[in-house]
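Shared between the two complexes below is chain A, which pairs with chain B and chain C, respectively.
The block that comes next holds the complex of A and B.
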């Protein structure tokens, strides 16, 4: 009876009710669509980070805080034993998707071939190519860009790797790598005044003969670094390709090479080590247990190792998440306020129009609570209808967007990924938005409903 | 700086100029005698860097060298005289540590191994390489080899391996003239086996109580366009206070 009455009352002023429902519906659509987008964004961002750096990384204690200054001094000794210890552990083994050693290093990359004479500091990740490819295929949410297999890196060819596009440009590799929109560096000549030129070509000839020839037409770089003991070391490195990197500093400095080459460069005649052991898990939800198990293993074997997760390694990840969360909160607050005022306005007008009716009803013996309930239910019903309409439209929008095949470039990404709204994947968002806006509508009706309930019967009856 | 090098062990008492029947260690000791006068000395050197034969930079350096009796390593203090913008800057080479001192900021900075990979500091690394202490040599044989001026010398060919982790180079090849023990040519290899630098000595003249090389040519084998020469202009024996080789003393040092 109460609901039938409320429903009929809503229909009495069709246009006004429709406007109110519309406001609530728009609020619902905005929150749901943005929430779905945000959810998809989080998933794709998460996937991106996990594909790149795995879930957990094992370092020698202190490396995470101090090791960047001197990577070679924080190498993990006998890392193959540590790898075996983790890989053979009955608790960890079923959780792990990829377990791989990496080496971070820095040095100077030089292109001294032919007319080029350019040198530049670099930072590098030395990896096992097949493990890296496998990590880039991690896609637990179905949200990530599916990476093409790496640029022809081969586990059996330790001399090859790739560099950031900016580094390739600085080192004058544009032409040899056939990169578009990449000018060659201008020649800079600086001469010491008053010093005669001297011809050393006959002495230099011996050096020219000693240099390794090109492998399959790929440009060669000389990578220089100081070994752990401070001795200068140099290796030949063939650049397969230049890949653009999302951050300019990275683009101008980044080198990816084979683990063996990196170890040869940094550890030279010493014991080869790695700076990190990366664990990529099958499911991100296993991070906690895996981390605890690793720590327990290290404590048990007395190893001076520590575990860091990907959020600690990528502060940008957490920052971006928080940024989007605050935008969502902002939108939610605005939508809530709009719905609140619309419903307050509608109900106030309804009560003014129906003052005589309220007086009559009260005169017939309905108590104050009955009046209050009547208007609360009306507000609630406006909310339910509006939010439900919004829900349906939001789903239609999501389906439309997913069918349209839109793409976009997320922050810290280079290439576009498909834009998808995964609304169904977020039941909490749907229920939360629906219930939340209905609650706001009901609460908004409370103030006018209270005023209606407190009307004096005599005054209400005489109201014009 | 030019002469500072490995210290010859004093075992070479029975050393004779006879060209045959030398052991590798005796040859190294003999050539160390040529490169190194065995007493503290002061010299003026000119360091010139050439790119593709064209001069890129030239510095005049005052070098103070003295042996550290405890480690038998030579310590070097290098003071820039020219160009004017570098005048007064100092580099302290103490064993395997490099310190750079700038009078403008009165601060000394440790030059890390990473920062010595290219440039003038990498040249110093070759010149101060410590043969007798840091390397163990084997005699490969005798060869006729051309010096920097394409004159042939009959040389002992020595192949030296790093004696320990502190050695800057994994392997060094050296050609030392038979009879005179003049160092003619050296080749320096990295841990990875790549050739890093080729060093020629020439213009042997009477200096500091012996016949010694006065020109060194260093060819960078990685950036093959790059050649550095060091000219040893004048030298004299001079007693040098130990304090000069202390990093903390650099701001107060007034080298004469």
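The block that comes next holds the complex of A and C.
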């Protein structure tokens, strides 16, 4: 009878009940749609970061905090043995999708082709191209873009690589790389050549004559860096293409090259090393066990190596997640307050209209607790109906958006990816939102329900 | 041996505060109402009839004095116990019927039995019997807004009697009915009272109703001015 009464009572003033249910439904839709979008954003962002930097990176101890200043000094010695140690470990082997060495370096890149004499500092990642291609296919959540093999790098051509679009522009590579929307540098006034200048102009002509593009006609850069011992070293690097990078500073400085070329530049004829060993796992949930196992292995073999996960290497990742989480909490708080006030208002009006009825049922022997329970059930029922309607509509919205073929460019991405709402993949969001709003509606009914329960019977019976 | 009275009031005073003004509704009334009788509290408007019924019905508390109903000193009970006591022993028939509008006639009559947690089968049997007794067996599925005033009051009478209470309190039960319907309701209540041996206490100034009284308590300005008894009709 309690539920029959509650259900019929909430249909008593149809318009008011409908408005209340609508407010709860809108709250549910807003939270579920944004939550679903956030879920997809997190998954696609996670995928993007893992595709670029793997899940875990092994460094020589101290590199993470101090190595940026002198990467070559923090190279991992006998890294192939370390790779074998990790790759052959029976615990780690089934967890690993890609295991690959990388070398981070920096130096000065120069274009002295005569077209535009220019030099610019650079930062570079030296990688094994096929491993990098495999890493870019990781898509455990189905939420990211799966990249085709990158033709800018080739396992069999260590001289080939690519640069950031900004660096290509600065070094005057726009024309030779045939990059659209890349302005050529403005003409610079030069002084009339004197005797000394004439000597240099001859030198420039000699250098230009020596600078030749590779077989594919791609321009060449000279990369200058300090070796491990501090001596300068230069290698030639053929720029296959320029790719825009998501951050301006990176775009203006970034070079990606073959690991072999990077090692030639930094270690010359010495023992080649790497600054990091990247592990891309099959599942992100294995990060903890894999990290613990790595550390145990290193301790067991007395290796001075440390392990960092992708969140530590990409603070932007955690910051973005926290940013969206705070937006979600903000929306949830607003929706909660709207539902709270709507239900309080509705229940207050209901109680005013039913004061006489409250007096009658109390006179018949219903306890104060019974009256309180009656209105709490009505608030809860409003919440259940409203949240359920919202849930159904949110699912329809998700289906509509997922089938609309929309795309968007997430943070730290340079290309658009499909815009999807991962609602079904988030049962906790669905249950949490549904239960949460029902709880808010029930709690909102508590204040007027208490007021109703406290009514004096004779006063209630006198109420017209 | 004299029968125990069903209701006993001893020097009951009731004072209402209306803002800073105190209104004395009952001025130390003492009376005893015998059980299984058709009793009337009569008096002009504002004499304190409704206040007296409210105190007897345990829905109000006296400012001073003692109210004893069915042998129970009501002041000794806490709020929930008073509710329980009402649910078991006391029913009301209101001037404005006070049916629950979202429930059908059947559900309105059944409602007091739900409070006593009666088994479903027995509940149904008693509800149908009571609707039959008040002549509304065919209207059991109708809601109050689909019933006439007389039918509503019949439902209210059925609701009051279905739990077989010791005491039924009726505050001006015929005031909202035409004289013909009022007479039929009085006849119904009189018949039910005799069948069920229940005690009825009315507050009224309807002469038609007063003519059926076995006990008449006349109050004026919050004081009992007369008590008369009649044996049968």
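As a working rule, the second predicted complex is superposed on the first by the 437 of 464 C-alpha atoms of A that agree within 3 Å, B and C clash if a C-alpha of one lies under 4 Å from a C-alpha of the other, contacts with A are read in each partner's own complex, and residues count from 1 in each chain.
Definition applied: contacts are C-beta pairs under 8 Å (C-beta built on N, C-alpha and C of every residue); 3 or more make two chains touch, one makes a residue touch a chain.
In this text the structure is predicted, and so the values were computed from the model without any measurement.
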Completion exercise
Max touched-residue count on chain A (chain B vs chain C) belongs to chain B
Exercise for the section: Go through the superposed model and pick first if A:231 touches only chain B, second if only chain C, both, or neither. Expected result: first
Practice task
Mind working out whether A:265 is in touch with chain B, chain C, both or neither, as first, second, both or neither?
Solution key: first
Exercise for the section: Give one of first, second, both or neither to describe whether A:180 is in contact with chain B, with chain C, with both, or with none. Expected result: neither
Exercise for the section: Applying the touch criterion given at the start, work out whether A:404 contacts chain B, chain C, both or neither, answering first, second, both or neither. Expected result: neither
Handout entry: Which of chain B and chain C A:364 touches, first, second, both or neither
Key = second
Practice task
Look at A:428 in the shared chain and tell me whether it touches chain B only, chain C only, both, or neither; answer first, second, both or neither.
Solution key: neither
Exercise for the section: Would you sort A:108 into first (chain B), second (chain C), both or neither based on which partner it touches? Expected result: first
Practice task
Scan A:1 for contacts with chain B and chain C and give back first, second, both or neither.
Solution key: second
Problem - Shared contact residues on chain A - chain B and chain C - result: none
Fill in the blank from the handout: As the complex stands, chain B meets chain A at residues 48, 50-58, 96, 112-114, 116-118, 122, 125, 148, 150, 162, 165-170, 190-192, 194-196, 198, 200, 217, 219-225, 227, 229
Handout entry: Footprint of chain A on chain C - complex, ascending
Key = 54, 57, 59-60, 79-80, 83-88, 90-92, 94, 96, 98, 100-103, 107, 110-112, 114-115
Fill in the blank from the handout: Residue positions on chain A within touch of chain B in the complex are 106-108, 110, 112, 117, 119, 189-192, 195-204, 206-208, 210-211, 222, 224-227, 229-236, 264-265, 268-270
Practice task
Under the touch definition given earlier, write down the residues of chain A that touch chain C in their complex.
Solution key: 1, 4-5, 8-9, 12, 356-357, 359-369, 456-458, 461
